[in-house]
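One chain, chain A, links the two complexes that follow: it is found with chain B in the first and with chain C in the second.
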Partner chain A sequence: MDTLMAILTVFTQPQLLLLVGLGTFLGVYIGAIPGLSVTMAVSILISFTFSWDVYPAISLMVGIYMGGVYGGSRTAILLNIPGAPSAIATAMDGYPMAQRGEAGEAIGVTTVMSFFGGLVGVAVLALAAPFVAEFALTFQPRDYMLLAVLGILLVGSLSSGSLVKGIFAGAFGIAIGAVGRDPLTFAERFTFDLQIMEGGISFIAVMIGMFGISEALLQLHHVGTDAIRQQIDRIVPSWGTVRKYLPLSLQTSSIGVIIGALPGTGGDIAALMAYDHAKRVTKKPTRPFGTGAMEGLVAPETANNAAVGGAFVPMMTLGIPGDAVTAIIIGALFIHGLNPGPMLMVDQPDMFWFIVGALLTANMFILICGLTGIKLFTKIVEMPRSVLIPLIMLLSVVGAYAVNNSVTDVYWMLGFGVFGYFMRHYGYPLGPVILGVILSRLLDDNWRRAIISEREDLGRFFEGIFTSPLSLVLFVAVVLIFVSQTPLWRMIFRRKGGQTGESGK
Partner chain B sequence: MDPDFRGDSDHHDGTSDATPGGYAGQRRPGELAFALFLLAASLYLLWDAYGIAGFEALSSPGAVPMATTAAMVISALIVVLRTARLPKVATESVARDILPLKVILFGVLLLGFGLLLVPLGFLPTAALFLVVAIKYLSGRGWGFTLAVSLGSLLVIWVIFRIVFTVLMPAGIVPEAELLQFFRNLGNGGAE
Partner chain C sequence: MKRFILGAASALVLGASGALAQDYPTKEIQGIIQWGAGGSTDTVMRSVTPHAEEILGGTVVLQNMTGAVGAIALNHVADSAADGYTLLMGAENPLLYKVMGLGERDYSAFTPVSILARGTPILVANTEAPFDDYAGMMDYIAENPGEVRFGATGPGGLPSVITGMIESVEGGLDVISVPYDGDGPALTALQGGAIDVMPAVLGASIEGIRAGNMKPLAVFDTQANDKLPDVPAVTSFNEDYNTYLPWGPFFGVFVPEGTPEDVVEKLSNAYNEAAQNPEFTELMDSRGYSIMAISGDEAEQFLTDWQQGTTWLLQDAGLTKNSPEDFGIARPGE
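Right, the complex of A and B next:
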């Protein structure tokens, strides 16, 4: 009964309901405007909402997250520019549909399917999280350490082409997180004897710089390119259409939840895997895949919204984020004095159920925001970049300043913005940096706890890993990711795969 | 092209979060220099991490920093070696595709924003920044520039100062007094 009441908190307080609605609405548009991203919006918003109470702040951010994952599909369909990583797969068949003049239908189906996927995701979150949390209580410090390493590696390897660059980015993030005085021994780390470095680098400054300023600087290259107008007609899909794709959407939602729930993998991977799945199981697609097949749209869209619920499972129960956005949400929870992890479920179950309720509500608002206001939508999306870019920069400066009322944070933010700008240009993923920053503390603490409990003996440490099934699985996974990058892996693969020919040329 | 490459194949600059920049089998202008810079910086950080506690103990405060910076050095070295072997993209140049004048100018503008923020205060600095930036980017008349920049600044100020209660440096503008004046006006002079 208490649980139900906690879930319904959002509905009983008009203010919270309004904030979730507003957040979802904003999220849909932010996700849809090229040049604005959910990661950017959430990282800037953290700094503005940190003086608020927890519930309103979370309501707004959950709304933006949910709305943004969905909104990213709009630009994928209309402009072939995925608004969020999770919408990459959506563009494959969504854009061809828009080119055929079926943008309205594509958006309509996407909306309903996102809603459906989101629902499955939240349901799984509600059912699974309590069990995972209970299981997580048995985790050893070394398991947490391995999980953190695995998460960073997965984000680095799966979200872009080069794992080495991903590893660099992740390690760089961990190093940033270590700057300042060590909380255990008070030793100075990476402070270069400067007083301003002693308190560490505000992770919000890093986030806003990397996702706000660097993005805005990159957009300067495209100031001249105008948004393409698309004719959008009827968008509410018929019941027949929805029913036709229900079986497929159930399968792809399940894929979405499972992939989303793995630490280190988020909506982008889920969507791509669901797309592959749809390709394999659909015998007779409406059109060949890649040329505007409805199945190719249904699969990624259900999966990426289902992955949101899934991603909250490791985030809430283990404190390990699935991707950059969840890493930022964890940052937001930190700021509000919450510590995501198994103890959160024990100490503050209300908070967990409140978030479940907020996700559920945001999902409903997606349906409302998605199927209405298409005229307003086309107007907003056409906002000229010459106005948008200075505004993003302004908000980034305000956001970085607002957290600690410190100009130093503004300089950090600008520095990371410029650095992130070059990273983007040269194909270094930014997600692992943020994951590294967020997980740095957890990794460091748990490594030290683990090694101290083994009396500083590496032999005993590895013995511990090899005698615990969970640690062993995690360890093998970490090793496999590394091996997959060495020539050894390619040799094994070539021998197994036979004549696959030269790859990567 | 590498089938696993999911980068941005239109602009190669990672404009969208979804698509990191770069090419699969070529290096962009400046890419090698950037990789070398990362390697040098990583080496310096590794040396600095060693200075925290040396090889004192596995649980020392320097253990994880040393491990991570070592990972940075190794990965940066691999990136340098791989990048050096790639052919250069023939159609791009640093001045046009990586660091055009526009980007440098905005870097300077942002730095100026940071420098003036406290002494001048948020409202005048932001107004100045928006007017200059929008005028330069849009190339439209002063009427448009002033209306859009001051209008959006007003909206932003109202939202963040009043709804989010974010405190920004007041500088030369008596912001608190102004706000109190409007509050009194709104309350009809009550209390």
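Right, the complex of A and C next:
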């Protein structure tokens, strides 16, 4: 009974309800603008809400977090510019839909599916947090490394067209991710003794440049052509549509929760893995992947919102942040006089249930904020290109600067933008570059940790893999996926070739 | 843009009129936090600053500027005008930059506003580790050389100083050192069994210890800590540690050297008083940090002593890139 009361705290206090709503609303817009990140917004809020009580402060933060993760999909669908790293996969099928004049439908499905994914995440947090947290803790460095290898194999599904070009792009991304002082030994790598290289290349700057600027440059070719008219009569997906994607969204939500709960991996990796999963399991997508397949929207959007609930799992049960945002929320709880840690659930169970309630509420507000105002949003794509292109450029510059308040990042962003333009021109996919940057450190750091832990002995390393059930499962998955992409596999099973739908560009 | 012009104009006026300290602050003060959001430096600075703002009667806009182990933030503040409108909110690391080859500058290019608080290191172990205290651990390492996994956070981090200390006191420490990004991820790995022992700051591990998710081996101090009275001080196992202890990481607020004295004084008063605020002291106490709130010559002396002791300790343990001697850092007691 107390539990129920704690969950319902948000609903019974209009002020809290309002704050969660406001937070979600703000979050959607912060998330939609590339470079304005949820992490940044929440850390500013810590100072801003310092003198508040803890409940209102947390309400606002939870709202922004949930809204922000969802909001990233907006610009991904409408402009092909992911507002946040977790929306990268969304752009791959969302933007083609907008180009067909189906932006309204795409946003509608995204909203409902984000809501669904978020719900699964909250449910897992509420019902199984201790178990999931315990499971997440069992991941050893070698398991993280295998997970990263599994991620690298996604290059295959992210590169439409030439796989060789995709592999090149992925390798390039990994190299970008390695630039700067190595965080483990502080040795300089690829810095050419230049001070600006020491801090590494901001991943967000690369993302904004590659997607934002290159898109704007590409659009310059079509300045004269009219914008695509958007149909917005079908926004809320029918029950039939939702039911059709239910099995897939349950699977991808589970991926989201687990990846989100792992400390060190978050919604971005979850969304990409979910996209890949959808590509693997969907026999007959609505359209080939990469050209506007509904499944390609459903998968990443359920996964990244489910990852939010997942990220709270280790935070609430162990005081270990599941991602950057939960790390800041831990700081906020600390400042407000609570002791976030494994004892929080024992000492202050109300706080736990309150957060569950707030997440639930934020999720509902996503539905409200998401399904209203679509008309206005789709107008963005209908704008004349001569207005839209400078606007994208402006947003990209502001976004890149805002991440670290650094002009250097703006230069990187512009450089990668021009580079990205040429890559697209010559048919090199951009998705794998970003994938490489995201996974670079996960792979590199954990491989080194794993091998150092085994006294740099490969024999002991493999012994570790084969004696741990978790590592073994991951290892077998890596081998299977790898082999399934080679001609050998097809020779044995005589299956028809995988999905290699040509994207229009 | 408008604000920028206004700011630039007011800066010019201030410069021309020789910074009227009685008016300070006349505009927003920028507080640059050396470490990322959610980290311990971030948390400490964000909880003390609102109290300081009240006393100052101005606004301090806090901003995280990360990268290159905090050197990017340090260089940024060192290069900004010495007018008291840009503060560096940092931890102890910059004092090791020179010997670690991470940069040419450290706090000697700054004037300390306030050294707020100091942390206590503690040695914690995975609950399933085959030893229960410091002595047991040393015996186990002696019997199983090169098997125990210690967490680390890179050269110059707290674990490297503590392991350096153990090495010089015990005459060697044959363990595997597994590097992590910070004590947070390393303590997570400790609970998952990826590492066996982690030297960490007490504040970061206290909740885990209370919950029984990790076991404390020894507090690296000359006496047991009030927060964990049952955990013995390492000096009770080996008195030689008295040479180096007490030692600990600290948090401080700094301004570039050359900032007008009256401005520094105003800032120091604000931050020292804020550090005594009961809300803040309670917060720090619950995490096992000791409030210092020192400034002026006292703070300078503290920094000098800290740097001498730590750099030479690292030098003797063979962990440095450059000798402290190259930078005129004298051996303690010389």
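Heads up, the rule we're going with is that the second predicted complex is superposed on the first by the 267 of 505 C-alpha atoms of A that agree within 3 Å, B and C clash if a C-alpha of one lies under 4 Å from a C-alpha of the other, contacts with A are read in each partner's own complex, and residues count from 1 in each chain.
Criterion: a contact is a pair of C-beta atoms (placed from the backbone, for glycine too) under 8 Å apart; a residue touches a chain by one contact, two chains touch by 3 or more.
Just so we're clear, the structure is a prediction, and the values are computed from it rather than from any experiment.
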item: Touched partner set for A:301, first chain B, second chain C, both or neither; value: neither
item: Partner chain in contact with A:448 - chain B first, chain C second, else both or neither; value: both
item: Residue contacts with chain A in the superposition, chain B compared against chain C; value: B
item: Partner chain(s) touched by A:93 [first = chain B, second = chain C, both, neither]; value: neither
item: Chain B versus chain C as contact partner of A:51, first or second or both or neither; value: both
item: Touching partner for A:105 - first (chain B), second (chain C), both, neither; value: neither
item: Chain B versus chain C as contact partner of A:184, first or second or both or neither; value: both
item: Touched partner set for A:343, first chain B, second chain C, both or neither; value: second
item: First (chain B), second (chain C), both or neither touched by A:323; value: neither
item: Overlapping contact positions on chain A, where the chain C interface meets the chain B interface; value: 39-40, 47, 51, 184-185, 324, 405, 448, 452
item: Touch list for chain B against partner chain A, complex; value: 2-7, 11, 13-25, 28, 30-31, 34-35, 38, 42, 45, 48-49, 52-53, 57-65, 68-69, 71-72, 75-76, 78-79, 82, 97-98, 100, 102-103, 106-107, 110-111, 113-114, 117-118, 122, 126, 129-130, 133-134, 137-139, 148-149, 152-153, 156, 160, 164-169
item: Footprint of chain C on chain A - complex, ascending; value: 39-40, 42-43, 46-47, 50-51, 137-141, 180-181, 183-186, 198-200, 263-264, 314, 318-321, 324, 327-331, 334-335, 337, 339-343, 346, 404-406, 445, 448-449, 452-453, 455
item: Interface residues, chain C side, partner chain A - complex; value: 36-39, 42-43, 46-47, 49-50, 62-69, 71-72, 100, 102, 146, 149, 154-156, 176-181, 184-185, 187-189, 191-195, 206-208, 210-211, 213, 279, 282-283, 286-287
item: Chain A to chain B touching residues, read off their complex; value: 34-35, 37, 39-40, 47-49, 51-52, 72, 81-88, 159-162, 164-165, 167-168, 171-172, 174-175, 178, 182, 184-185, 187-190, 192, 211, 213, 215, 217-223, 268, 324, 384-387, 389-391, 393-395, 397-398, 401-402, 405, 407, 410-411, 414, 417-418, 421-430, 440, 443-444, 447-448, 451-452, 456, 458, 503-505
